[in-house]
Structure formats: structure tokens, C-alpha cells
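Chain lettering (A, B, C, D and E) follows the sequence in which the chains are written, and residue indices restart at 1 in each chain.
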Amino acid sequence: MKKSKPFWAFVILAAVVYGVVQFFTVSGLLNIYYSNLIITISINIILAVSLHLVIGITGQFSIGHAGFLAVGAYISAIATMKFELPFVLAIVIGGVVAALAGLIVGIPTLRLRGDYLAIATLGFAEIIRIMLFNIDYVGGAAGMQVTHFTTWTTTFVCLFITILVISNFTNSRHGRACISIRENEIAADAMGINTTFYKVAAFAIGSFFAGVAGALYSHNFYIIQPGNFGFLKSFDILIFVVLGGLGSLSGSVISAILLTIISAFLQQYPETRMIIYSLVLVIVMLYRPQGLLGTREITDLFKWKPAKGGH
Amino acid sequence: GTGNQGASGGGGNSDVFKLGVNMELSGNVASYGESMTKGIEMAVAEINKAGGVEGKQIEVIKNDNKSEAAEATNGIIKLTSQDKVNAVIGAATSGNTVAQAQIANDTKTVLMAPGGTSPTVTVDEKGKVRDFVFRTSFIDPFQGTVAANFALDKLKVKDAAIFSDNSSDYAKGLTNAFKETFEKAGGKIVGEESYVAKDTDFRATLTRIKAKNPSFIFIPGYYEEVGLIVKQARELGITAPLMGADGWDSPKLVDLAGADALNNTYLINHYSNEDPDKKVQDFVTAFKDKNKGEAPNAFNALGYDTVYFLADAIKRAGSTDSVKIQEELAKTKELSLVTGVLSLDKNHHPIKSAIVLEYKDGKQVFNTKINP
Amino acid sequence: MALLEVKNAGIQFGGLKAVSGFNMELRQGELVGLIGPNGAGKTTSFNLLTGVYVPTEGEIIFNGKRLNGLPPYKVTQSGISRTFQNIRLFSELSVLDNVKVAYHSLAKNSILSSIFRLPSHFSEEKNMENKALEFLKIFNLDNLKDEKAKNLPYGQQRRLEIARALAAGPKLLLLDEPAAGMNPQETHELMELIAFIRKQFDLTILLIEHDMNLVMGICERIYVLDHGQLIAAGTPEEIRTNPKVIEAYLGEEVTSEHA
Amino acid sequence: MDWLQQLINGISLGSIYALIALGYTMVYGIIKLINFAHGDVFMVGAFIGFYAITGWGLGFFPALIISMAFCAVFGVLIERIAYKRLRNATRIAALITAIGMSLLIEYGMIFIRGAQPEAYPDDVVPNKAISLFGVQINSQSLFILLTSIVLMIILQFIVHRTKMGKAMRAVSLDMDAARLMGINVDKTISFTFAIGSALAGAAGVVFGVYYTKIEPLMGVIPGLKAFVAAVLGGIGSIPGAMVGGIILGVVEAIVSAAGFSLWRDAAAFIILILILILKPSGIFGKNTKEKV
Amino acid sequence: MLKINNINVFYGNIQALKGISLEVKEGEIVTLIGANGAGKSTLLKTLSGLLKPKSGTIEYLGGTISALAPQAIVKAGISHVPEGRRVFSNMSVEENLELGAYTRKDSSGIRKDMEKVYELFPRLLERRKQLSGTLSGGEQQMLAMGRAIMAKPKLLLLDEPSMGLAPLMVKQIFNIIEQINQTGTTVLLVEQNANMALSVADRAYVIETGRIEIAGSAAELQASEDIKKAYLGGL
């Protein structure tokens, strides 16, 4: 089967990444700073890839992704802290509830187009955040203290599943249906594609993985507060996706990695940090408006050249 | 790298004392982090000029936590494992301090919070003290209690309204303590309203409060919003005494609210810029010299004091070993600082006297001193 | 029984009756033309048939089923597919994927089967790919299968759009000005192609076109709309000589246009 | 009669939102860009006004005009430097650039002068309580309302009665076709940015006078609110921006007055979403469903 | 009147026009025919300034216009009816016509020309207040023509004006082109409908993949066997 070759390449690559990081961590060659950075990067990749499905593949302009991150973070934290459920179960619950939230948000709003959809999703995310502010059960503004459970292994497994599921979905007739909606909704409809169903489905899947990322997030950073899930957080995720190249999964991954590293590196230059970060954004966009990889995947770069150029 | 931290925190034997500063330097509450950092840097410069700690110069390594918990965690991990700092001063707000507490304890790095006023900063969910975490300011319940008692005893009010910042755990802590004390002593809370940091228009809610006609309004919050609240309250014809806590203290409050509006308002503070005490006046003068004549606020003073709090413990420990510093910090008694005389209880909560100041024509005037 | 029955259908936009009292019957296997002046309501009637607009009056019955109010994707799934007056390809997708998308509703495997890569996913994908390639071959586009649709020249884009519409497996195919922007040579090739696919796939075809060579050349029957109303229907010969049609649409000497 | 006071509070706040929203809507109208840096132009305007008043001792109107002029130039510069190159890029790329510009302006400002707030002096505009129909109304809020209304009337005139206005609409619909009509597209876009930014600058000064406190991140929330107002009214529509702004201000005042101040922002978004669901293109937006 | 000397035009790296030279004399109708993608529209866009030639010059009324911005070219009297009509869809028919006269200042002249356009296209008068985006294809084509006439051009560039039009309408449009020409406007006409184009034109150029392949009088080309075979559908 032709299609399974990249699949096995991906599995092998993943296993190698996991093994190497695990080995270095256990052997102490990788100090806690780097292993924590790797976890942060992985969480950001999950976020980027999940939003990539919504924006890059389905073409639905959602800028409220932090809302689903918050749902996953809080629900999973409630599961472990209040109900003392196992962490793995909490991750699943966080994802499922975030997906439900995605359905609730998606069904009424996804009939909106373009910027109207954008502001509606942003609005929903803000509503979620304001609700958290006002619920004393989860600590309101003071937030919730969460025990540290996130490990490299759990993070890696979640990351692996996220990428696998989203790329499998994309490279199937269902993914093509989503892409056709992005390309021309009227024509997609005329080709017999239930556009509402696929928009909502992509949104729910994206929300699910944002929720998973939320669970990893809350159990990695000791405390969650509603203020950490504002629209600026949504913008951060959006930036990963666009900077990587809309429609390119590997682009999202690469830009999530790069931007997280840049941001971590700049933490020690407080005075100029945000200035440099914003300049990077603007300059990359000015000189590469299609993003780092455009719509291509990193695997395309290794493909046999004449296959593309020739007529 | 050499892998995990040694038991005594980072590079013990170098000839500098590395002090990590993990503050809100961008994002929502950047102005508070910035103020504390100013105080910290000033104290460090003074100490270095006077020969440093245990013969070592203090080197400040700053880290911006972007006013986010996740970045605060990442920040302390970086400071402890990469920069191998000897101690960390960090976070202006309680949440972002809590985000660092576990790592500080795990890596046995002293973490000093200038302003983490929530009790949870030094005590974990299970009620256990976090050995390596300390703070300079009072805790919320103390200030809330002080305010309630002041209102009842000095202002002789029987009813009060509360207008608090719902987005800060600080204000919420104060609110709870105030309410409890006030009601226990027979006072009546006639109205409770809240706002969110960064709000600018409080008129609608103030109009509601006015309708309840309270004889006293407690406004726990930070000066940025409080200034506007006081101004708008007076514009709407609210004449009742208003009161807040150390979050109020800043010369900017007078600019924001206007001197007239501030008459008949009170705040609890650690100290007063007007205090003739030499320590205070030296600090105020030195700060003004450094900052183009700008007078210091409570955040500046707390940042400044936190460094001296730490330096005192190092001196008593006679070593820069963090376990020894930690032990001495916990034993701090009667340490005289700009923000008052500080002793720690077993939960690392400072026992400090508070003073109540009254605004008269834009000047803070000493009213009462309250001992814990 | 007729394959498609349009009974008194119409639609109003604000005050404008774009189409009204439209009656039409298509029998299985027919090739029928729909002509009329610009703005007569031809495209609008396609939109009524395909569910883009919901008729404000009348009924549309296809294959014994009432279509009124069905969303476009359901109309397509029940056997009507179309091309657009302004080409609407999935421009960033490859030529092959454009056609595969149209196969979508004919495949059965679920989202989960694709995510978990169950055997049904692979068999459906393979099937889709083979079928799509077959179509591309018919339309002489197979050598361009990996090209992005937007990079094709205009004429080939038109043909791809027809191929895509066919891949959705229609019984009734609606073509909106398929020859627009083509030169006479290309138009001629297109005519042959339309005739061929009708036979090959046992299709019923309804087409809008302003090129009278094409319409008169291949249509068996013709409906003529003007101002939203049906003004004539009949064989090409009848239409060509119908004075109403000549006045409203053809102009006097259309028959002699070509030597 | 509290409610009247509340209503006036709401309308005053709303008219500030409206002034900012106008710039959003105009820029969006012409290049379909959600110019997130617009809120920061508002912030810069507030600071320019502040320095003009405290530094040079100017009065309200000269300060207002200086701030508007500065912001007009500033807006045009932003457009020329950051957005012009991206006219043919995807809109989302331009959006990210706008977010980048927004951060750059905010943190550039913090770099220059720190993050601490600044307070507008109290006596820029007479601040007296006027009795009107038996209610106390703050003279400042009336003043601000009047300033905003006058500016909006001028804007209406420019857009609907001048050739430039028509050119703006043409450019917004089809840039190349507008060129073929003899319209100088670059000039038209710059002009749009200039007007929108000048209004944001004016809003900044008005805001400073009315709310006293200004700081480098002050543009974020009003910017977002103004954007919401613009969408609420129908983005691209000038009356829509005004109505949207006022509605938002009044809703916020009512919700706070009813004692739900914590839910105020949520209420604003809920109204937004409800309106979008009922009328997907906002109150004044034309429902431009694509003709098939 | 118009003289194009050896221009080369690129889209990125793709060369669309390869050394094209041609000439239009005052008062003529010149037609440009050629297959899809030959470069006809590209040439018109270059003339109206939407594209800039990499090399070569365009002379118009004695001056060089190849470096001018589109608005300057419009002012100089060249009007372009673009491929695909490009009407301002959210504006009414009337507003579209007004925009056509954007560079003009003589309001009475504008009003007169507006009446003239309504006379030429009565359908537009009927739909005066309708948003042009909801017009049918043919109506939009009329509007695009009318809009160009409103600029009172000396030289009118028409890109496939008959595309998508009903036969009667096609005839009308060509009549109108001749009418416009007779009132003193020079016309450069791009067409797929070569038969019709050649019947109204004085001279013609055939363009193939970015090069001029054949040039001659309209009558000559209409008679040529090769042309018939390739472009006139005479098989």
C-alpha cells in the first residue's frame, strides 16, 4: 500500500524522537530546563496542529482556540484535583469536554463566514474565560492549583496521537471534503458534501486536541488562572499556524517549535523581548506572507524535483 | 551541563551571588513587575556598593514571565537550571509566584515574593509550609481585618459597601477577611460589587453603590483602577469615606483621582513616604534621585526590602548556601525595613505592623499604627 | 415518467420575479438546451433545481422525489450535478483531487475508519483514485493529474469542471455555459465530448449556452426563457423559426451566421 | 432617575468605542484587514494629547488637533511600512502582521517610557455637574459626546459627499477596476488610514480627558471592543460602527447598572453572537451572499 | 495614436508577452485574436498600466506611457473594459457609471453622457438602482461598457466584450462598438469571437503564446484559410 510508506516513516521518526529525549532525560544529560522546554514545545505543537485542522484545512477562521485550551485545562484539573481521577483519564475527559464545547460553539457560529466567524469564536472564548472568572469552584481569579503530572512520556503520546489522527483525517476523503470547503464552499456543496457537518466535525476534532493540550498544560504549570487564556493566547496559536504556512501541517509543527524557542530565549531580555518578537512576526510576514512552508509539507521538499516542475 | 542541581541550589562557589528576578515585565500587570524590579535593582546596587553579600557581588538575572503562570514556571526552571542562580525574587502577583513555588522547593532554591499576598504562596494546598518560599508583604487576611477594625473602631461606621477587583486574588482575599471581621463585630455589608482590572468606567456600578447609601466603602484593589474609582465616585456625589490597602499606594493615585477626591479616604500601608524615619527618608530620597524625582510607591519599596530581607539572612547564615539561607530566613525577627519591622511566623507569613494613612489634599497623613 | 418535472416554479428577489411559472419536463436520456437573453433567469433556474435557492412558488420533482427545500448537497446526492457559469474549481487542489472530491458522497467509509486507517479506508481510497483517473482519461486530463487546478488554462478548467460534475455520479447533468470563452475550434471539441459522455454514462443533460452552433447542433429540445417566463419550447427547428424567440433572443438572421 | 445617568454613561463610553470603531471599519472596508494595531494608534493618540497638554500647556482643542494630525501620519506610516506589501497576500497574513505591529507599538512605547500609567490633568475640560431634567449630568460627558458627534458628522460628509469617499468605496470593492476608473489606489488607501487613525487619535485624547488614566496597553481592550462594535454594526459600514459602538457602550452600562459588572464583557459578546446568528452580517451590513 | 515597441511582460518568472509590437491608428478598430492564454488580456492590462513591461515602450499620442500609473493613463484618455467585467458589485448601476467619470470634472457633460449610456443600454436604465453584483452576466457586460464610455475615452480597450452574451446582445454590442468608434473613439478589441471581431475591425493581429504571429487587414485575415481553420471554426 502506497499510502502507508510515509506512515511508517513517521512512526519511526517519532519513536526515535521519543527515545532520544527519554534517554537524555533519564541519563541526566538533558537538564530540567530543556526537558521542560520540550514539553512546552510539544504542547504548543498540539495546539498548532489542532488549529491547523480548523483554519489551514477547513478554512474556518477561528481565533478563539484558547477557549478550548482553557476548557481542557480546567476540566482535567477538576478531574484530578477534585475527583482524584487518574491523569490519563483526565486528559481524555478534558479533550471530550473541549470537543463538546467545540460543538456548542461551532453549530451556531460556523454558518458565519470569514471575519464574522473570527470575531464570534473570539467572543465565545472570552465568554468561557469570563465564566471561569466567576466560578468560585475553580478558584475564580485566583485560579486553581494543580499537581504536576505531565511527563515527557504522556506528552509525547498525546503529541503522537494528535499528529497521527489529524494527518490521517486530512489525507482521506473526509479531509479532502474539508479542503474543498476551504477552496470553494459553494462548489463543495454542489459536489454533494455536507459542508455544515464537515465544518463542525473539523472544529470538534480541533477542539478535542486543544482540550488535550489544555490537560497537559494545567498539569505542567502548577496553577491555572482564567487570565492565562485570553485572546492573546489565541493569537499565539494562530501565529504558529499562519507563520508555518496555512494548510501545512509540518509548517505548523516547525513554526510552533521555532517560535517557542525564540520566545523562551527572549525571556532573559525583558526590555526588548516583545519588540524583537513582534519584529520577527512582521518581517517574516512581509517577506514570506505565505508562511515558512506555504501550503507544502516538509516531505514535499524531499520529493523528486521534476515531478513538480515538469509539464 | 552537569545535570541536576546540587542540594544547595546553584553554583555555590563562584564569586558572585546570582539573584534571579522572575517578574511580570510584559503583559497585563507589567507595570507592577516593573515597579518591583526598580526597587530590587536599587537595593542590589546599594548592597554591591557596600561590598556585596559575604564578599560576593550580587548579579541580577532578569526573566520576563509575561504575566503568565506558564512562563513563570518556565522562568524559574531556566533560572535555577541554566543560570544556576542562588536565589530568586519573583512574581508580583500571587498566582505567578505559586506557579514557581514547587520548583523552588524541589530545587532547594530560595524564592522571595515581594508581593505575593495570598496565604497559598507559602503554604501549599495541604497546609504544609513551602520551606523555600518567603514573602515580604503582609498577607491578605491581615489587611482585611485591619481595615474592618479601623472602620468599626475609628470611623464608627455600622454599615459598609465593598467594591473589589474580581480579577485579582489579592482583592478577593482582602474582601473575604474584611467581610468576616466586619460582620462578626455587628457591622452590616449593604452592597458588594466588583470590577475587573483594566476597567476604566466604574460609573454604572458606583451609581448602584450610591443608591445603597453606605456610610463607608471598602475598595481593595490596585491604584491604577482605584484612582479612577475614587475620582468617578466623587463625581457621582459619593461622599462616604473610602478605604483600601497597600495596593493603593502610589503617587500616581493622586494624579489619577485628584487631590480633592482623595480627601476622606484611607489606606493601609507598610510605611509612609512621609514618615520622618531615617530609613524611609533615605529610601525616598535615593529613589527620587534615581528616577527623575518620581516618588516611590509600595511596589518599589517591597521590591527594595525583599533584597535586604534576603541579604540579612545571608549575613546571619554567614554563607550563600541556600539551605542555610533558608533556615535563617525562617528565623527572621524584628528586621527593620523601609516597609516596617518584620518577623516571620511558622507559615512564613510576615508579622508586621501596619499603618493607616489618610489622604489630606493629596498628601498621605499618618493616622494610626496597628500592630498584629 | 419524466426524470425531472418542474411545475410552476419561481423565485422572487425583493420585488423582482427572476423566474416565475416555470414548467419543464425532462425524460431520461434527453439532451435539452435552455436559452434566453441575458438576465432571463437561466442561471437562476439552475439554482432552483440544485437547491441553491428555495423556490418561492411551485414544485420540483426529480426521480419521483420532491426537491423543494433540500440543501444543495442532498440534491447532488439524489442525482443532479452541475457546473457553474463562473468556474468554481478547488483551485489549490490537484486536478485529480478535484475529481476525487466529487466522489465523496459515493464512498461509504466513516471518519473513524480513515483516522484508524481501517481496511475500508484503503479500499475506498483506491477505488476513488481509480475512478477519478478513468474520468480524467475521458477528458484527456490524466497527464495533468498532479497539476493544481488553478494552473490550468481556461479551456481545460472548463473541462475539468465537467469531469468533476460527472464524478458525482449524476443522472441529470446541468451545464451552465460550458463553451463560454472558448474559441470555435474548442467549442467544437466540447460538443463532441458532451455527446460522448451522454452516451457513455446514460445521462440526461440540460445546458445553458449562448453559442447557437452548439445549442442547435446537439440539443434535441430547447426551452426559451425571457424575463423569467417560458416563452417557447420545442425542437431546434421550431425554436429557430419562432418569431418570439427571434425577437427576444436570436435577432433576425441567426440562421445564416455560419457559412 | 438613575437610569438616565446610566444611559449617558453608556453613550459617552459608546461614543469613544464608536470613534475607534470607525477607523476599524474604514480600514476593513477598504483593504479587508482587521487592523489590530488600530487600538494602539488610539493609545499613541492619548499619549500625544497628554504630552501636548502637560508638556506644552496646550488646551483641549489644540491638543486634540495635534494628536489627530500625528496619528494620521502615524497611521499612514504603518500602512506604508507594514501593510502595503501585503495587499496581494492572504488576508490572514496581513492580520498576523497587524498583530505584530500592535505588539511592536505597545512594547515600543513601554521601551520608551515604561509601563506605568499616566494621569491626564483634571482641568482640561470644565468638569461640572449640570442639572438637566432633574438629573445630574457631568459636563465632561456632554462635551465628549458633542466632540464625537461632530467628528462623526464630518466623517459622514467626507465619505458620502466627496469624490474621495466614492473612490474609497470603489477601491474597497475592486482595486484593479478602481485603477481603471482613474482612481489613485495608494493615495485612497493612505487617505483612509489617515482619517481612521486621526479619529483613533481623537478618541485617545477624549478617553484621556474622560477617564484620566492612560498607559501603553490601554488600547488593547478598547481596540477589541471597538472591533466588536464594528462587527456588531456590520463591518465596513460607517453608520454601523457608530451604532455598534453606542449599543456596546449602553449594554455595558446597563449590565453594570443591573449589578452584573463581572459579566459585562460576556454580555457584550453574547449580544454580538446573537446578532450575528440572527443577522450574519451585522446590523447594517449588507448580506452579500455570493451570487452563484 | 498608439505604438507598442517590442514589449516583454512577466508574471513572476513566467513571460507572458514576448517582444510584442503593434500599432493602432487614430479612428481605427483594431482587433486582437488568439487562443486561450495567448496573452491578449495581458497586453491590455499592460496598456492600461496594471502591469508594467520589463522592457520595451508604449507610445501614445506622442508621449511614452509605459511608466505611468493607471490613473494617469486613464486621464490621458485610455479606458479599459476588463475581462470578466469587474463591475463594483456592491454599488448600484448608477454609481458604477458615476465612477466611470471619476477623472472628469464637467458635471453637465457627465450627465449628458450618462443619458447617452442609458440610451445605448435601456436595460441599465431599468436597473439603475439595482446593485450591480446581482445583475445577470450580460447586464454586467453592458454596465462595464457603459462605465468605460463615461470616461469619454480617446482609446477604448475592450477585453472579450461578447463573452457570455446572448446572440442578439452580441450583435448589439458590436453595433455599439461601431457606433462608439464612429463618434471618434479609437478601439482596440480583444475577442474570441473572431468572426464578429473581424467583421467590424479595420485591421487585426493574431497573437500566439505571447508573440504576434500574423498581422493584416481584417478582410485579409477573414479570407485566409489558415485563420479560418484555427480561429473561425471553419472545419
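What we mean here is this: a residue touches a chain if its C-beta (ideal position, glycine included) is under 8 Å from a C-beta of that chain, and two chains touch if they have at least 3 such contacts.
Computed from a predicted model, the values in this text were never measured in an experiment.
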>> Strictly by the touch rule at the top, which chains does chain C share as contacts with chain E?
In response: D
> Which contact partners do chain A and chain E have in common?
Replying inline: C, D
>> From the C-alpha centres, identify the chain that is farthest from chain D.
In response: C
> If you average the CA atoms of chain A and of chain C, how far apart do the two points sit, in angstrom?
Replying inline: 41
>> Based only on mean CA positions, could you tell me how far chain B sits from chain E in angstrom?
In response: 74
> How big is the gap, in whole Å, between where the Cα atoms of chain C centre and where those of chain D centre?
Replying inline: 48
> At what distance in angstrom does the C-alpha mean of chain C lie from that of chain B?
Replying inline: 73
>> Please output the residue numbers of chain A that touch at least 2 other chains, ranges allowed.
In response: 133-134, 186, 271, 273-274
> On chain B, where are the residues touching two or more other chains?
Replying inline: 26, 28, 166, 196
>> By the touch rule stated above, which residues of chain D touch at least two different other chains?
In response: 107, 110, 262, 265, 292
>> Run through the chains and report each pair that touches.
In response: A-B, A-C, A-D, B-D, C-D, C-E, D-E
> Taking the complex as given, what residues does chain B use to touch chain A?
Replying inline: 1, 3-4, 23, 25-28, 61-71, 73-75, 77-78, 80-82, 94-95, 98-103, 107, 118, 120, 124-125, 166-169, 172-173, 196
>> For a test of understanding, state which residues of chain C touch chain E in their complex under the given definition.
In response: 13, 35-40, 43, 85, 153-155, 177, 180-188, 210, 212-213, 248-251, 254, 257-259
> For chain D, which residues count as touching chain B in their complex?
Replying inline: 2, 5-6, 9-10, 13, 107, 110, 114-119, 122, 127, 129, 136, 138, 207, 211-213, 215, 217, 221, 252-257, 259, 261-262, 265
> Which part of chain A faces chain D closely enough to touch in the complex?
Replying inline: 55, 61, 108-109, 111-113, 115-116, 118-120, 123-124, 126-127, 130-131, 133-134, 186, 231, 235, 238-239, 242-243, 246, 271-275, 277-282, 285-286, 289-291
> Okay, in this complex, where on chain C does chain A touch?
Replying inline: 50, 52, 71-73, 76-77, 81-82, 84, 88-93, 97, 100-105, 107, 109, 111, 114-117, 121-122, 124-125, 128, 146-147, 164-165, 168
